[in-house]
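In what follows, a structure is listed as structure tokens, so that the remarks can point back to it.
Order as written gives the chain letters A, B, C, D and E; numbering starts at 1 within each chain.
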């Protein structure tokens, strides 16, 4: 399983995906800047994407994996939707900034109990 | 080899140290034990991209300055695109570069600039929050890694792409066909026969049988994008503000 | 080259590949660096000629041909300044980001048949995508300089490049559609033969869209009249106001590299790539696909062809720069959104209809395209592997049996489909 | 025959070696020709009001679209003819040759139709809905004819609808407040509907299956509704539109039954598949009840067979297959085939205004005249005939006989009504109905080519006649022929072209030498009817109906022409204002007039419309059909039998004499006025009143359907109010009382409980709101913690399962 | 945001969004930026410093800061004789030093009620109009530079060099001439000069069409200038604008025609038509390109175009002057010897310089040294209107507008 000698397998990608995912989660949980939270979301989506590509890759699995072309297709959809999500999130952030003069998400607590 | 017993302590140390383990451990044993001729270049590039992606992702977490965060994110996403290329998903990789890194992040940076006021460039987070998030994230990472290693089929090594510099199947054509509803990668015998007869040029009726294509999701995503475009433009639209003079006149 | 090393010199495979990769990278780096030197000199001379001057005449003896080298030495010797309030890391790294993006795009650019750093199946997209990354360095530079003029330049650049990627992408898609491939090598191969086979002359729509592409390309590499990001009369020097010395020169190298790149892309997509207007090689009975000396010679001529065409594009860009005033930012955006994008869209639709109804093109008679082929045939072609797609690609690169075989596929009932 | 000539000129383009590829391009060409009007429709729908002042440019867009369609159709015709040239039998229709040679000559080699699907909408099991095409010579011809006439009418309508370009004062609408209706012009909307109509009509023509036909059939219906009700503020117009729509639905109901019969039994609606099933090529394309229908009809026997082979379906299936021929011989399934045929024909009855559903067509004249010309003479009503022609191979002799009789009745009734009508457009409308009857009759008696040939020629001269009448109406501002007269002097072009139209419709010509287009088509029908009558003497009434119809046609057409154009003006007010129409209206008239003259002719090479239709003849129908189980001893004669000199000469002479007689009588009564029409009317007062009352069909339907329906409704309403409502009131009263008791219970006990619960919830909520911190980042943490918890739990609980994976 | 150069916010509007009725729409709430354009900036024509208050790309206010080139010229003038001050006038509008010399010389001559000889008069016209051409060439070329096109600048300088060659031959200097002086000129023209001048005019005439092609009618140039920085007629008059700036707004005023008699007498017998738009068109005695449809009277394009027309007009005047000068057979006459005794009193005279109306005021107490010497700078008045023109424009329009005003800081700061 050493990637330097053995062929790279799915699990290697899964590890990378997991790290990206976790980093994204931490980013979302730690950043007070709305744009930082947004970046965390991008990281999370990217981590998921890595998994999709890995599952569908013809290289990483000798048997082409059960997802075959579905993997990249879903990854594509994720990318596209991430772009859409980023646009909307940016718009929301700007709106928030217009109304509150800050991008600190901790200040967006008007709906607290 | 990555012994799963190491996962326990590693998860306690948080994502950074684990990443260090993955990268450092892998390289160390690779170079120490493997003769140079046996080095798997595909794997080496994988390691390089993976390390960049992970380190930069962690750097995003650790950075305070929002523009630097964006910069690290670009590097992370770019390295991920490299991973996609290595996995044979060239089209996805190119798309990742184009849309994600190119489009999304420019948008982000735009946002950063619009809000790049001195007080907001770096908003500090309480240390307690960081520690708490680190612990929770470590447990999440542990769970994810456990899941990744738990399925035997995923642990099987992949194929050597050969000594051909990584020439793999072109994926864009079947991908494009799948997006318009034709699954060329999935031959079902009945379908081919059905298509052969009847139709004049056989262009119709290919969507039936076997795995379905992605025409419908593709269309939905198209419409979704349009809606998002309109919605985003609406949310961030120009707003009319009445000047104080108008307001005072209205009050009178 | 790798096969040569392995087979003739008997080097181990890993060493052969490493050497090959290093040589490729070095070559491309040289294309960029030397290209930048040459183009800077050419820009000086061309500008001078346009402006009734002589330009550099003495450096290096004649024609001032060493002027760029002298400039380079001067830049190397210059003090590397950084403003006090700058973000050090980003300020230092920004020029390299720009340069790397421009450099990375060269990897997929074919200079002739098989003269390509890494042949990618999605070459076109890759080049356009990576080229788009160049803007990132500019934005970082603008932000990190802690100068308002730089920030202005960076914001303009961001808005401009993001907008122009839309029509640029649309224009690029047209040759992709006509060739049925995103592989730059394939696209160029499809235009082999007389110059009438070039996609520029394929139909009226492609002819129009070439000019749209060129406009958008000029805009996306920030050349006049779209050089808003560094508009010297408004923003002093825009995003690189605070840069000096080597870092500044990296921005310049990136700019000239990108200019060459978009011109080369235009050549590959519309002007037949490395195929000359007259197919001299095939008239003489030579083939570029063979691995012998004649084949290498033919490819070398093709390489010259492409470089000539690209240089022509660069020269036209310079000519434009020294002739036209600069547009205003809102006019730049108007040009993009109100003119280029709709024209590109309409031309795209037109080219699509044209290739559907008149698949043979205006003059040349090409085979039936992938669009008009029934799905079953495409599937068969795909199952047969890369060699089975369209025209048989004669490749000098050794493709092992394992690589030829796509991943085995399952039929519905789980049985392996044997081929 | 200009379009065909043009198409001929295109022939060299389609050389033999590319013919296959050329034919393969037909679906694209015709598909584009079909979709262009749709594009125009969509464009006008969204941008119509913005197209120039008052949407003026919408007309140009629509016209451009249909003209482009026409050009594409011509190209398609050229392609088709290049691939399947019409050659050889130049003189065969009039100078009879040896029938043996003939039948070996062109009947033997059937030109295959091009079929296929553009797009499959839905496919599950046997049900397949697709957009497909069925292209043969007939399709191509119809495309050319429809698009050509539509082009003419588009051009014409740009002039005719000119009033709609600005504010319109509708003098036919009286407002309650007094005065007339003022409304904005609807110029673009007219062309919008016209484009949609062209699209739908072409859709019917190109359709590759019955489902698609049905869709466009209904689309044509709705377009007709739009166009008839174009002046929807007028009560007459809106009711006429509704009438047309509802009457058509009656026919469509029958059509649905037919569709269900076909699909239920055969599982396909595809033309090519249907024809193959009904007339298998293996069987020499002879008609037989398909296996599916037999099986479907003999469902109890199949069940019995299945019962004997319980447990082995394969054996049962093979047994059934073995026995099907026997069952077929028993006649099982014939009824199903009959029902299918009659059902489809029902739809055609509605659309083609056949007896008894013809009542809508005359009323439909409330629409603007171009609509009448296009929709209700040349194309939409032709759809029914076209469908019968297209569906011909599936129709059994019994169905054909039904069709023939319906056609005969229609042609006679309509012709008689036309005798006494005074509204110029109504005369033409009844004439249309009558001519459609001709076509149906012709198809019914086996005259497939004759009927469709008449369809084409009729399309030319009837649209011509309508446009002429429109021109007259445009000039006189009245529809009433009694107010016209002597218009030939002021409107020479209109009068001349209309005379050509009248001559064409009565089939004028020099017998055996040359004639106008109607001469050829009508003679063919007559000959076929005569041939049929000779083979089946019991049904010789059909021939007499045709011959009598020819006489009546001649009479009323010339009555119309004489009353309108000849003599001296009757109403000076009208005559003073009359003027020739603008060039944009006259040009289509001339074009159509020329075509009305030449459409029946043949080129020296033997090319003509009739041979082209002959080429498209469905396989197996050339030699006539024997059999028929309902009406016994029926034999549909082969069509080329009617070309025998004996039959053909008789038919030609009959046609000539009847037509001449009709014209003569009309001249006597309306031109020379030797016999006063009023005197005739007075003498035959009961007949006149009967005819003037249009055979009282409307009243009849009113009495049979509308009144009983209303009566039943009244009874139901009374029952509802007097009986049911009472019961319900009583129930309601007692419920109210009960509710009073319940309310007390509810307030005290139930509410108490609920309030207590609510208080508890409220208090709990107050305590729990602390969790809702409003901190985004904490929520993320909660999510992660939750996810991890679920994973851990799942792993603990389903440990074994995960480990196995 | 730090406050550059110690400009306090109070000197600018508090929040223009709230008080300015015109700005009622905005998309993203952005903070305003104060940016310094100049004094070291490529397109501020010297050492002008503009403080821009911008909201994104939109300029809400421009405040010019001047004085970086102040050299106390007027104060120095109170310590020198009338003739000694002439070199100082050279350094005011250093691009049209001849016209500066002429203005001061005429003012002093007005004080002394002196008339120069005919030959000197025609020579003065010749030199002054050549000076106008050279000044406009710089203004025009530099304007192209402001809009981002470099080549026309060099084309303009190529031609200007030839004029400077002529000047050098006449007086020995290329920038600061001190050629025209009180009572005449320092020297007569050398032999053969007129021929060279005519040669220059002949080859220069077709070059103007080149400028029109590259600038005046260039689509991008028109887009950048037409309708930008519109200076209404009334505002131009109110702010005391003059010269091409004033005429570009459609005001028909030219000191050569409307000035005081001592100045207008210089142009007696010369035929020229003031370059101003009247009844919708410019005087068309030469082949000019048509006015683009989106140009508004008073915008940058018109200001630029008026200069282009005046170049041709001046060429015509130079030709006339050459004819008259060579027809004059009388001697040029020596410049005045300004002795101790000067008439007491004061004199003020405005002349039409290339940049506008340049006025010199001299007060004499009877000694050889003026009691007061003052200059009324045309560029100064023209610059004052900048704040009005730039309100609400884009950043890229600021150089376009500044360039169209064609200011010279030496004249403003003195």
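Simple rule for what comes next: a contact is a pair of C-beta atoms (placed from the backbone, for glycine too) under 8 Å apart; a residue touches a chain by one contact, two chains touch by 3 or more.
Just so we're clear, the structure is a prediction, and the values are computed from it rather than from any experiment.
Novice: Return the chain whose centre of C-alpha atoms lies at maximal distance from the corresponding centre of subunit E.
Specialist: When every chain centre is compared against subunit E, the largest gap points to D.
Novice: Which chain is most central here if centres come from C-alpha coordinates alone?
Specialist: Answer by centroid distance: C.
Novice: Ranking chain pairs by contacts, what comes out on top?
Specialist: So the pair of chains linked by the most contacts is A-B.
Novice: Approximately how many whole Å separate the CA-defined centres of subunit A and subunit C?
Specialist: That pair's centroid distance is 30 Å.
Novice: I'd like the Å distance between the centres of subunit B and subunit E, where a centre is the mean of that chain's Cα atoms.
Specialist: Inter-chain centre distance comes to 62 Å.
Novice: Distance between subunit B and subunit D based on Cα centroids, please, to the nearest Å.
Specialist: 57
Novice: Taking each chain's centre as its mean C-alpha position, how far apart are subunit A and subunit B in Å?
Specialist: Spacing between the chain centres: roughly 6 Å.
Novice: If you look at subunit C, which of its residues touch at least two other chains?
Specialist: 155, 406-407, 409
Novice: List, in ascending order, every residue of subunit B touching at least 2 other chains.
Specialist: In subunit B, 39, 91, 95, 103, 107, 110, 112, 114, 129, 133, 136-137, 140, 159-161, 168-169, 171, 174, 185-186, 201, 203, 236, 239 touch at least two other chains.
Novice: Got the subunit E residues that touch at least 2 other chains?
Specialist: Each of 28 in subunit E touches at least two other chains.
Novice: Which subunit E residues qualify as touching subunit C in the complex?
Specialist: 33, 35, 41-43, 56-57, 144-151, 154-155, 158, 214-215, 218, 220-221, 223-224, 394-399
Novice: Using the touch definition up top, name the residues of subunit B that touch subunit C in the complex.
Specialist: So the residues of subunit B touching subunit C come out as 36-37, 39, 41, 65, 67-68, 71, 74, 78, 90-91, 93-95, 97-98, 101-103, 105-107, 109-110, 112-113, 116, 159-165, 167-174, 177, 182, 184-189, 192, 195-196, 201-203, 206, 210.
Novice: With touch defined as at the start, can you tell me which subunit A residues reach subunit B in the complex?
Specialist: Contacts found on subunit A: 1-27, 29-33, 35-36, 38-40, 42-43, 46, 49-50, 53-54, 56-62, 68-73, 75-77, 79-88, 90-95, 97-98, 102-104.
Novice: Quick check: in the complex, which residue numbers of subunit C touch subunit E?
Specialist: For subunit C paired with subunit E, touching residues are 47, 50-53, 148-149, 152, 155-156, 224-225, 227-228, 231-236, 322-331.
Novice: So in the complex, which bits of subunit A are touching subunit D?
Specialist: Per the touch definition, subunit A meets subunit D at residues 25, 28-32, 37, 105-106, 108-113.
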